[in-house]
Amino acid sequence: MTTPTIEAAPPGTVPEPDWQERYGVASRDVYRRTLVELAREDPRVFCVDSDMGGLETLFGEELPAQYVNVGIAEANLMGVSAGMAATGLLPYAHTISGFAATRACEQLKVDVAGNDLPVRVVVTHAGLSAGHYGPTHHAVDDLAIVRTLPNMTVVVPADAVETEYAVRATADLPGPLFLRLGRAATPLVHHEPYEFRLGEARLLRAGDDVTLVATGPYPVSMALEAHEALAGMGISARVLNMHTIKPLDRDAVLRAARETAGIVTVEDHLVAGGLGAAVAEVVTEEAPCRVHRIGVPDRFFDHVADERELLVEAGVSPERIIRAAASLVRPAG
Amino acid sequence: MTTALDTAPATAAPDVTGPVDGAAREAAVPPGAAGPAGLADLADLAHEVRELVLRMGTSPHGTHVGGSLSSADILTVLYHRVLRLRPEDPAWAERDWFVLSKGHASAALYAVLAQRGFIDRAELDTYSRPGSRLAGHPLRRLPGVEFPTGSLGHGLSLASGVALALRRTGRAGRAFALLGDGELQEGSVWEAAMTAGHYGLDNLVAVVDRNGLQITGSTEDCVGLEPLGERWRSFGWATVEVDGHDLAALDEVFASLPHTPGRPTAVLARTVKGRGVPLFEGKKKSHSVQLSPRLFQRAMTGLNARRAR
Amino acid sequence: MTTPTIEAAPPGTVPEPDWQERYGVASRDVYRRTLVELAREDPRVFCVDSDMGGLETLFGEELPAQYVNVGIAEANLMGVSAGMAATGLLPYAHTISGFAATRACEQLKVDVAGNDLPVRVVVTHAGLSAGHYGPTHHAVDDLAIVRTLPNMTVVVPADAVETEYAVRATADLPGPLFLRLGRAATPLVHHEPYEFRLGEARLLRAGDDVTLVATGPYPVSMALEAHEALAGMGISARVLNMHTIKPLDRDAVLRAARETAGIVTVEDHLVAGGLGAAVAEVVTEEAPCRVHRIGVPDRFFDHVADERELLVEAGVSPERIIRAAASLVRPAG
Amino acid sequence: MTTALDTAPATAAPDVTGPVDGAAREAAVPPGAAGPAGLADLADLAHEVRELVLRMGTSPHGTHVGGSLSSADILTVLYHRVLRLRPEDPAWAERDWFVLSKGHASAALYAVLAQRGFIDRAELDTYSRPGSRLAGHPLRRLPGVEFPTGSLGHGLSLASGVALALRRTGRAGRAFALLGDGELQEGSVWEAAMTAGHYGLDNLVAVVDRNGLQITGSTEDCVGLEPLGERWRSFGWATVEVDGHDLAALDEVFASLPHTPGRPTAVLARTVKGRGVPLFEGKKKSHSVQLSPRLFQRAMTGLNARRAR
């Protein structure tokens, strides 16, 4: 629950290049600050807490009338938020990703998604970002689950900059939102202002030999690393930041399938059911191509490590991306 | 005893179609509205609800007869005397909210919605048939249905969220949820109870249809609920026990909400599963029944005989 | 909760051909009888109920010492069953599919699957089999969810005959099982004894133009109907009954991808995340081919209908299968 | 008052390494086992648990200091005096089962597991570091950990399942679960409480670490839990209140289980979050702390001073 000691980007601005490179920023911090700003401007914005820690001071002390803490009760968090939204409010419901997607799964599905209510479920600790906390705090199945929810918009910002853009871009969304954030600071991948388009994959690097489709902080930054290395090998890799998992940008995927030798998907999530599955679904419909899914295997870890180390150990690493991409472009044998 | 209006915030719209105490209550019926009814009309209305439930039970999949009949009197009083609603404008901002948390009693809900004019009476004949909006559990966007239900244990969180929002935004409406007693075995009910108790939502009412039965038998044999009043009180609620088939008693209880200012109220309504049809009364098998034409006739005969007594 | 009036197959035998054709049998009934038999033979077998109705008499009256009812509390059902299994018992935990996969999702994941305990989660009302009950009783996302669970074996019998085989084949499984059953009687697709092999797709019809991969009662029987019609059109369609969703029979899928023009997947489940996704994942790894996923769209129904009608309306029908298969074999244009 | 053994079924293995009343209890320590300890040793052991927790708090991610320190005395008494365990054979069929439902207090659990010889003391230095089996929440298959935990609200269902299974199969063991007070806001706890109460599982014990704080502050400010004893009793449990830092009192309570035959027992242990380190006592911020070398020194000084008093 400790926050990084560095200063995050002032909202609305893009942080100074030099410390971006050096530290990274926790998306969570930028998110919270942005939420307070939205709430100051719009009294319909409510912060619904489930004993997450931090919101009660940051938000609750400044805007107590717009702050509600339902305690450690994630199912109730969803039901209460749905009830509030039905009356015309815009509740931002906060919990840990695994608890939203699994503990409160049915309430999220029936009460929030099924009713198409403007509840914003904002989760932290996604993927393996709480690596040292053990498997009950790993959320590597959440995308597979929330991808099935009707009416749901699912957004996974790649860094703190994109987090702020995503929060603002979805402020008026008439339906429900699932915004998936990590825990600690992660590398910044965006270094200059850009236009965030909900539902549209962002082309981070052009390329026509192979396509890397990534979602989430480490996957995207690893894909960028892989791009460099592949360039050195004479392979031109397109890099797409698939920040919106639902609705998925089918066109960008199909273009990749048609214009390049194959697709490598990269996610801090199971290899089954998530981004890789969504991409495989789309390409096999119209433009079959090879899809190498890089992600986490479905076993619980029996030891601890930090986010990046656990990912690497699970098979999510620049090296694996490079190998996969190279083998798609230059098949062995 | 306070009246219902005493407990409503001062901002309550004057043109409510819901209950007003005493004479005013009777006078407040706007032309064309199916309700609110007089106390004397309730018995007829409740009888009709039961008849309509039995008819819906003749549909190919049958219906949840037992739990619909045990809720019939509660729903009759709520929809005809208590809830401030505008059937012609279901989204009226100052309305009371009702959540049928025990969604399987949808047949009884459809009956009162038809009586109040939210839906056409003729539509009741489509119950549970292909193409119908009247499913075994209430569907979203049927006029008068605030939230679709059917999975037990969701309703009280939804109603708590509504009550909290109305409170925070200074609006007049109240939120009511009707729960089954077996449903109280769901932990999510107690999460909601805890939050509502903590926030002292006295614009929130949980009505428990305490018919003593769930699918596998007696609640006390399955996973016991007693001392039920203690449970609710220890979670910060005011409780009222009432005979859930005594229309006047129900009316009185609902007219004097909240029971304790600053606390949500749990109305523990003692009921009989299958109530009104001797064939079904107190029977676990009444939970879900498909009524053949013969069974329907027997049930109707019983219902009418029961009433004549 | 009413049971069909016809007699189901005596356990261990294959029912008489004539009434098979005429009526179909509810897998649920055959399952329950088989469970009682297993429990008579093995005192470790426990029936854990969550107020489903029927088990308390059928099982509870005969074997009260092996029957436990936890009430209407699905999360607790999973936790209690996991606790029992940890002590060496073999609990069969019963609820409705959506309630297992969504309401009790985290307990199923952490306590049952994560611990690799021999809990058998036996669910009914899967797919749209409770069509007239409305969306809270539709379970069309369950496969997407349980497919993400570590250690989990996921079986979807195509009929009552296969149900009995599957229950017996998994009786000694050392890890957890998710057995997905429907509600009412469905057509029998197996008419003679056969050897059920867990994890191995069953070839129901040979064919080399196109492959139909189906799971669940109506999907499999619709695939068989489509096979006939396609044969009439001169198209030879292979039909695979994919009764085991996890672990998936990769070999059978890859053979289909290599030997036929493409694959049509058929499921009473969302087109996202389920069987279709699993097949798309496998083929894009090694043998990209077109996969036409036939399933249910992710919106809640706003009206009622019976299982088969809802499926047809949602797009799961022999006609759709035929059209999809034909267009894979003979692409337009 | 009954002794612990009085309540154990007659089939209990005679060679338990766990507690036996009075003199027999002290005598039953098998050679080589780290426990059970004498009552007089508990203070030292608990002090060491706190020291070990603080050391684990120096790891890069810190640890849940507050809730580990509030649980330290409870865990010390359980692991050194109450639980029948065989550290050399963690799967011993006749053992008692313990579930750390408030899994974030793993540091305190690891400390007592090391003291009892389930794991090596040296391994404690790996806490929360890459490659370690000692995660922020207990992992599966660490010797002595029956179930991995960390998501709050799972432990009581697991322990209930164990207790029910032991009962049905006529085995001697008991099941204990340690819960946080904030954790009681999870509905799943009340589902388990209801079932266990219904089945009268008097081989089941829920210990509540009633430190009055959760992450966002006081439990009573967040979503209040009082009257907590009433809640448990209304769900069919016997309750005992005890000072959760009085080692002798805890020992006495645990020695006289079940409190009421035929009912599960909830031990409501009044504790202080961060107990033992003045810097942290009663502080919400003690929940999760990373101790710099300087902070560690200050905490240790406080801990030792507190003890010397």
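What to note about this one:
By letter and in written order, the chains are A, B, C and D; residue numbering begins at 1 in each of them.
Assume a residue touches a chain if its C-beta (ideal position, glycine included) is under 8 Å from a C-beta of that chain, and two chains touch if they have at least 3 such contacts.
These numbers come from a predicted model, not from an experiment.
Averaging C-alpha coordinates per chain and comparing to chain C, the farthest chain turns out to be D.
One finds 32 Å separating the Cα centroids of chain A and chain C.
Centre-to-centre separation between chain A and chain D, using Cα means, comes to 37 Å. A straight line joining the Cα centres of chain A and chain B is 42 Å long.
Residue positions of chain B touching 2 or more other chains: 140, 148, 151, 185-188, 191, 194-195, 198, 223. With touch defined as above, residues shared between interfaces to two or more other chains in chain A number as follows: 70-71, 73, 75-76, 98-99, 103, 106, 110, 114, 135-136, 300. Viewed as a contact network, the protein chains are fully connected, with every chain touching every other.
Chain B meets chain D in the complex at residues 185-191, 194-195, 197-198, 223-225, 227, 230-231, 233-236. Every residue of chain B that touches chain C in the complex is listed here, in rising order: 61-62, 103, 128-141, 148-153, 182-183, 185-187, 214-217, 222-223, 287-288, 290.
Residue ranges on chain A touching chain C, taken from their complex, read 98-99, 101-103, 105-106, 109-110, 114, 135-136, 141, 144-145, 147-151, 270-273, 276-278, 280-281, 283-286, 288-293, 298-300. Residue ranges of chain C in contact with chain D, taken from their complex: 46, 65-66, 68, 70-71, 73, 75-76, 78-89, 91, 106-107, 110-111, 114-115. Residues of chain B touching chain A in their complex: 140, 146-148, 151, 154, 156-166, 168-169, 171, 175, 187-188, 191-192, 194-195, 198.
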